């Protein structure tokens, strides 16, 4: 049931994202405004940003389950934590790839150390470190504990990036749309589509997470049957 | 509750052990000298921007810390003395003992490294010493607290050496970036007020790191 | 007399052990990535001379090898398996086993590192590939044989600790300097004859290293 | 003499989903000596580590009570003496330096007389200024007893107490155990009948083992 | 059965100017079993290491002769089996992987049947695919016997053969020793009377000790 709703929802988002025209002065409800420096390419906003957003969400979900594990010492929580981290890694790669493809057309090069590119790259590193650490620990309990601890340590450093990055490098990114001053470059339509895409991706993440957890649990049962 | 006397004892033990085995100190100095000379050679004659110079300086320091500080807990684990320590002192005493030792060690290292660096690289002349010294001080403490925590984690893992930079780099990056900026400012001769922002970051970083260590170390230390 | 079969067995054992402890796999790759990105951060946007670039490349490789290779014998010593090996195979079999393994490991590492390096750093475009490949090849073997021998010495050094830096640094440096020059030439698109000098150095370096190892290893290996 | 009691309830240890032992209960108190026996791999060392707070049980818990109030895990080290083959002292230090370090960590200051007395008792006094690295297996084992007795712990835990020791050393160990029974609880995990036969009570891990756990034999 | 003999002449070991033992002579041959006894720190392990070629004597030398010709030190490993507490196997490998590795290194190829037989004999067969790291002290000790017997060495050297072993394990060791005496030389260094009482000949290091050497007691 849920997955059907989700499917329809995302289909609509995708269609709408591409179908509606982008015009200088939007009159009709179905028209997007031109965002300086983006023009037609603005459409990727509907996918690229939600992805990176999901990456961040996934990381914090993983961290929270990590904390819960430290409290409960219940390996189930660790399983949830890993599953979330795995998805996060996937979305992270997607965001980077879409981003850099986009960058190729917008800025002419796949990679230039733009603050946001940098920040997502660091997230990539953190995910990598997280899994490297896990693979270096045999005992389940120990692995779960240390992974959780590392997730926490990484978690608390994230805010620093948000503060540090802008201070040290100029952004090529277009004037943030979800920006601090809260002035919005989108008209209602665009915002709605953007937000519904955001919601869609988040829901997608939730669904996939729940799938992975079920899978992991089944594998565990199978393993126990083994011996 | 942490007894200062016990912490001091741990620190002293670390130093004595270090003097006996010279493990960390050697590794540290070796890395410093090697990297420095390689950098020197590769940078060679041409004059590089202060940006890159202050960047390189801290990379050297970061890597040296890798070879030295990362071993504080690993060595206990390898010699099988972790259990002994657990039977002798509460976790936090051990942690702060190691931390203090690391701070001192790293500080010595930094003084040496920076001394050589300034001596050997002409393009690197500090103008505002106030900023510079404060940066070194805070940077050292921050770096040490982060590495102590990471060192504790890797000591339980299989791949100790390689894992350290992998785990610590993302954690230390905000610190590194900040100290690099601050160092650049000091070389460019900025006035104190300009660097205040960096110092705030450094300070809060240290506080956060210590707070986290305080909370999680117990989980790492106990099997 | 050295049995090839035995050497092969040692090499395989090393690999299995590495895979078991996930040394090569995750950690080592993440290590390269991390190191690279550290460099990228410091070099950042501005364009640096090929001099610096080729220098940096080898610094990365040097660090990776240090963190990886230098522990081949230390790990045996720490786990107390040295005696076991002594009871299983003659010294030279052990040495060449470790050596071959180190060469292979370092080679894989270099390929990855260099691949990423070229991919990510625009300024670094190799013109004369002949020189480049030969440099990598000889450099790898040289670095591996040097670190293997040094690793053997370090493993015993815990008693006489000071040996390590004093020893490894002067041994490594000439090699590094030479490969850096050679790499620079390849980037500048020199013709082969220009780099012949470097290759002679590299080649003789390797020969000397192996000869020395062959003679002294027995003394190092046996208490 | 302090009044101590050590209660274990439903102790279960599982490594990667394989039970070592399950649902072990015990209640030690006063001046008893307990034996922990079982074949190789039955879980003696594991249980002993859990009791000493060096390892966390998968489920169940151990409560140490001294003079009526129960001790937090962080403070347990203060009341426990532990000797075992897998315990290592600092090999780069001399015997005396080791004990001095321990004494400082425990008491805050060095109790020179006590250290000296212990060194004599374990008959390592002449060798007190040699590095532990250069000690023989038996000499190391002796030193561990000094380590364990330094703070006169109300609970003394010995895993394989007589390994590496010569006849004279074994005598020493039996003295120590006898003495401990006047001071508090003594827990002895061993494969050697002689070590355990004198004990008041016994935990047999061969019996306690759950069917699903594999055994070496 | 091969005809082996092991001659030690004027063996002296000095650690930084302190004699451990001096002027030890012995002549082992045929199918004898030798006991090496002495108090803790008397030099049993040191002597045993020297005999095995793992340590060089300060003066004097050991000559191993197999089928009439004397063996170079580099090849000695081929004729010697060694078990001791300070010997470690590869903990990141399973029991079976360890033995397979040894078998390959020794014979050039894996002798699967022999490995299997040995694993059964030391009753670790069910656990053969678990990492040695996860083994108990006794299980590790058992595995060391498989390591030592793999190549059916004419000389079998055991230092503290029964440490960490349960009753059943000790029986196994005595069988192995008895068996070795049909194959060649067995050398047993131990603190435990039972281990050494069955031997044909004896080296007592308490006696052999030179006055200038300090002793723990």
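To keep things simple, chains are lettered A, B, C, D and E as they appear, and every chain counts its residues starting from 1.
Just so we're on the same page, a residue touches a chain if its C-beta (ideal position, glycine included) is under 8 Å from a C-beta of that chain, and two chains touch if they have at least 3 such contacts.
All values reported here derive from a predicted model rather than from experimental measurement.
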Chains touching both chain A and chain B, listed by label: C, D
Report which of B-D and A-D is connected by more C-beta pairs in contact. B-D
Per Cα centroids, the chain farthest from chain C: D
Furthest chain, CA centroid comparison against chain B: E
Euclidean distance of C-alpha centroids - chain A vs chain E, Å: 60
Using mean CA coordinates as chain centres, what's the chain D-chain E distance in Å? 29
So, in whole Å, the Cα centroid of chain B is separated from that of chain E by 46
What's the distance between the Cα centroids of chain C and chain E, rounded to whole Å? 37
For chain B, residue numbers touching 2 or more other chains are 20-21, 158-159, 163, 166, 169, 173, 177, 223
Among all residues of chain A, which ones touch two or more of the remaining chains? 125, 128-129, 132, 136, 138
So which bits of chain D are touching at least two other chains? 15, 56, 86, 214
For chain D, which residues count as touching chain E in their complex? 15, 39-41, 44-45, 85-86, 123-124, 126-127, 134-139, 141-142, 160, 163-169, 191, 193, 214-217
Per the contact definition, I'd like the list of chain B residues that touch chain A in the complex. 149-150, 153-154, 156-159, 163, 166-167, 169-171, 173-175, 177-178, 181, 197, 201, 204-205, 208-209, 212, 216, 219-220, 223
Quick check on the complex: what are the chain C residues that touch chain B? 20-23, 26-28, 30-31, 34-35, 37-39, 41-44, 46, 48-49, 51-52, 54-56, 58-59, 62-63, 66-68, 71, 78, 158, 161-162, 164-165, 168-169, 172-173, 176-177, 180
Chain A residues within the chain C interface of the complex: 111-113, 121, 125, 128-129, 131-132, 135-136, 169
Residue positions on chain A within touch of chain D in the complex are 73, 138-141, 223-224, 227
